[in-house]
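The next block holds one structure in the form of structure tokens; read it before the comments.
Order as written gives the chain letters A, B and C; numbering starts at 1 within each chain.
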Amino acid sequence: MNVWKHLRSWEGFLGLVLLLTIAINAFNSDAFLSIDNQINLFSLSIEKVIIALIMAFIIINAEIDLSVASMMGLSACALGWLVDSGVGMPMALALCLIIGMAGGLFNGFWITFMKLPSLVVTLAMLIGFRGLARVLVEDRSIRVFPKWFEDLGQHPILGPFPLAVLIFFLLLLVAVGVLRFTGFGRYVYVIGINQDMARYSGIHVTRVKLILFTASGIISALAGILFAARLGSVRGDMGLGFELDIITMVLLGGVSIFGGSGSIFGVILSILIVLYLRNGMSLSNITGHLQTGVIGMLLIFSAMVPNLKSYWESLQARSS
Amino acid sequence: MNALQGLRPEKLRELVLLLLIVAVLVFFSSMIENYLNARLFNRVSASVALMAVLAIGQTMVVLTRNIDLSVGSIVGFTAYFVGQQLSQNNEMHPVLAIVMAVGVGALMGGINGVLVAYCRIPSIIVTLGTMALYRTLLVEYSDAQTVLTVNLPRWLLNLPSLNVFSIDRLHLRVMVLGMIAVVVLFQILLRYTSFGRKLYAIGSNPEAARMAGFANQRIVLSAFLLCGALAGLTGFMFLARFGNITVVAGIGFELKSVAAVVVGGVNIFGGSGSVVGAFLGAALIDLLENSLIRWLQISEFWRDALLGLLILTSVATDSVIMKRFQGYWARKQAQAVPETQER
Amino acid sequence: MNSTVPPILEVQGLSKRFDMTQALRDVSLQLHPGEIHALVGENGAGKSTLIKILTGIQGADEGEMRLAGNPVRLANSQEAQAQGVAAIYQEPMVFPDLDVAENIFISHRNRGAWVRWGKMYEDAEKILSDLGMNLDVRAPASGLTLASQQAVEIAKAISLNVKVLIMDEPTASLSNHEVEQLFKVARKLQQENVAVLFISHRLDEVFEIADRITVLRDGQHISTRPVAEVTRESLIQEMVGREVDQFYASRQARQRGKRLLSVRNLGREATFSGIQFDLHEGEVLGFAGLVGSRRTDVGLALFGIQPADSGTIELEGQTVTLTNPRIAQKLGLAYMTEDRRKLGLAMPLSITSNITLPALGRYLAGLGFIRTDQERQTAEEYKSRLQIKAPTLAHEVGKLSGGNQQKVMFSKWLNTQPKVFILDEPTRGIDVGAKAEVHAMVRELAEQGMAILCISSDLPEVLAMSDRILVMREGRQMGIVDGATATQESVMSLAMGESREAA
């Protein structure tokens, strides 16, 4: 009974779409379903996918963080700049994560203590962090990393899995566990449903939001580091516009833009759909720019999800 | 206090902005030698002309509790599109070129408007999507070619340096005059027409607007339409000013226009703000940028980082000021209530 | 009353269905010019649906509507206004950023495409002074009190030359004095031959103002009678469909326990000041006062939501500073809000999640994981103890009736095991039956030794439930009276500030 209900939910619908994209891709290319191709596919977008996890928390919390991609660029550029200036690798990595934390706290400060809308704050920091990244590397491309660092980014370290994919699996496990089974996860939903009500119920709204935005900063910085390792060099425009893909993944996954509902499971399904779509388009020789356009269209479509979702579910309810 | 009472919050805000602009001028003229000269005016006015027109469009949308992040892409696309048409057909009438730019912009804004008003998708999402979409359109359409100055008709290239009149070396350019016309026109539209007041009403309380029987959807659509049209006009001005148009034309304009609007005191939650405010906001930002870079001798790369901070601080001070102001009103009301009750 | 005059508005055989529920079934109603017609019924009786149809916000499935004898179909509220039908609501629909004059005139269609500010201010001033209201037409609406905002709404309706004015629970958030003002305006409209349809839960008001009373129950028309033929008892009986012999159970003398809470000279800038009282175990302290008397603000201060900035609070002999709800909760306080929908419950979540929310810390295992079995057990307990009617505990709270939602909210705070329980309007917006249950529960909790601070605008309720009553007026404490000897009149006179002000 319960299983059947789940199957007919929005996640069920996404599952269907996913199967469809897999079928089309597999039909077009024999290599598509091979493990190597799957991992390769994942690795190519791993930074976005990692950030999508924390973005799901933030949107469920009825906030938004538009500055993630800029933070990613900033952390990558900071790493390049630090190493270039002679700072040791471990120290530089730690500093990057601290920059992420500080940036996240900075966002969180304006949002929680100054009570500004996260949309405005993170929009400003979308410009601000990117600006700082440009200040650090200007229009250069810095390629100074030690070989072990690039290897870490580019080669498998456990079985067929590169480090970034392993980190993603770990974070996925944590995200599902926290959101679904812990008190903190419950608070994230409750605040997303109704922030005032949460405060009146004695929930530490400020703390939850600060934690989320700080986590977002740190994870974006981590994604920046992984990005730098994978590419082996850094530039000022790294990750430019990634927020578009990330938010699309989360919204398409059934997380309501108004907060309070959605699941990591749905987000994973939509991540796979977006990745396979891009992969399929690449195979059909569709340019990167056109792909961005398609993702933009998908984003608009996925924002209609709450409407479609209720329509789909009412359709199901009527037929049963 | 009495003088304050007569002032509507919008007027107060405009006054503060004017004072700030004067303060910036005074400060930098003491820091930078030969700062206050005709060149400063000419340079700042030329770039403000573009940004102010765009910011006024953004104001329409923000007043209705929405935002348009696609204006940068619209500017880029119309600049390229009209530029290409003019390159191919040098004989085209100037008015036709402008109408074409405005029309293409309005069409793109209209698409945003339909998606926001009729499909009920949050504007931030729609325009984040169309920002990518319109840019893609530009890239595909241009096929990575550039509009070149040499192919453009003479009148267009002369337009930026065309003066209405000059006092000494102080020039009032035609494009600046055009911008002033737009400011006046839209100020009248917003303040003295029932359509303009409905924009405020919808942003102030959408539910009440619906109950009052306003055609909310059509009005929001019109706001996006006007915003797109002004973005198209900005695209035309961009083409006239720079001549060479590549696929990156207008990138970042969406954020600058939001910054101008927010600094100009238009409430990001809709319902209050003015065209004059948005214009002053655009002017203040441009002046600050221009002056800071000259004063600190810092690289161009600092521009974005500073812009981000400026948006944040102005929104923050705004919300603090508004809270004060509302507290003041509330207290005044609290004093007035017992009096009315005794009657 | 004016039954010889032909009705200005007449509906016949209205029916309306939403998915599963029949909101209206074959309802007919006539409004005559110059009458004040009251519409009463329990929550869910179909009053709001009827209003929405009359004002064109919704269309009816069946039935017809006639204005001055001519059949009409109203597609939207603007059309209704054009035909002379307007409504004002409990929560006025003003535009906070626009000024008073603009609020009055913005929905006018016939003022053309251009705004003439000078003329508009003149016209607004004239309308307001005709109504005997004194408002600055240039002030933004955001600073107005609720009553003033309603005044603006009425002025708007009048400016539209309204023939039928619908007032949907206009008095729910007004003080008595403001209600009187409103009634004056209503009578004035009556003299000008406007038909007023007045909806209220407060029967006293209905008897005071109405010429005729119509009762709706379960979407059906039950009766329409001149007020002289109706008694309070018969009305309640028709509303609930059963005999109610005694509305409020009598208050019994209770044993007062040891002192729990001691508040001295409590204040918050520009809000309230000089509040002092003691609260004992097993005692119910009523908080009475008109709206705007800042009772809720005292409650919010005691629960740390809007902390006080002067005075002291002692809990069981210890001085405490309550700067946020978490501290207050830890110290054994609980505050149940008056606004269930916006501040009380997470509507899309289950009954269980709502009940355990404030005390969720108790249900966490290592690493912050929730022990769902214990959660469910707690929810079970409260479900049977408070007789919450719901199919399952996983049921969405938003889909419960008002009374059951109130019980969930009670459970939620009882589960924090408070020593001092602050109830803010515990019976607002729930039907008569659920009201009686709430009263019984409060009595029971007090008997078990809980100290209860009960804020209520329902004066008979406060009098029936409280051991002592603290009366406030505009942020000041006017006095504490004994619940046994207090009368409506004595409490009211304090609340209006007519006596002891000098003392």
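Just so it is clear, contacts are C-beta pairs under 8 Å (C-beta built on N, C-alpha and C of every residue); 3 or more make two chains touch, one makes a residue touch a chain.
Bear in mind that the values here come from a model prediction, so they are computed numbers and not experimental data.
**Q** In terms of C-beta pairs in contact, which of B-C and A-B ranks higher?
**A** Of B-C and A-B, more C-beta pairs in contact link A-B.
**Q** Could you pull out the chain whose C-alpha mean position is farthest off from that of chain B?
**A** C
**Q** Taking the mean of the CA coordinates per chain, how far is chain B from chain C in Å?
**A** That gives a centre separation of 44 Å.
**Q** In angstrom, rounded to a whole number, how far apart do the mean CA points of chain A and chain B lie?
**A** Their C-alpha centroids are separated by 31 Å.
**Q** Chain A touches which residues of chain B in the complex?
**A** Residue list for chain B touching chain A: 67, 115, 119-122, 124-126, 128-133, 135-137, 139-140, 252, 255, 258-259, 262, 268-269, 299, 301-309, 311-312, 315-316, 319.
**Q** Touching residues of chain C toward chain A in the complex: what are they?
**A** Listed in rising order, the residues of chain C that touch chain A are 305, 325-326, 328-329, 335, 337, 342-349, 353, 357-358, 360-361, 363-364, 367-370, 412, 416.
**Q** For a test of understanding, state which residues of chain C touch chain B in their complex under the given definition.
**A** 57, 76-79, 81, 93-99, 102, 106-107, 111-115, 117, 132-136, 139-140, 142-145, 148, 177-178, 181, 270, 292, 474
**Q** How about chain A: which of its residues touch chain C in the complex?
**A** 177-178, 181-184, 186-187, 189-190, 193-194, 196-204, 260-261
**Q** Could you please specify the touching residues of chain B with respect to chain C in the complex?
**A** Where chain B meets chain C, its residues are 8-9, 191-198, 200-201, 203-205, 207-209, 211-214, 267, 271-272, 326-327, 329-334, 336-341, 343.
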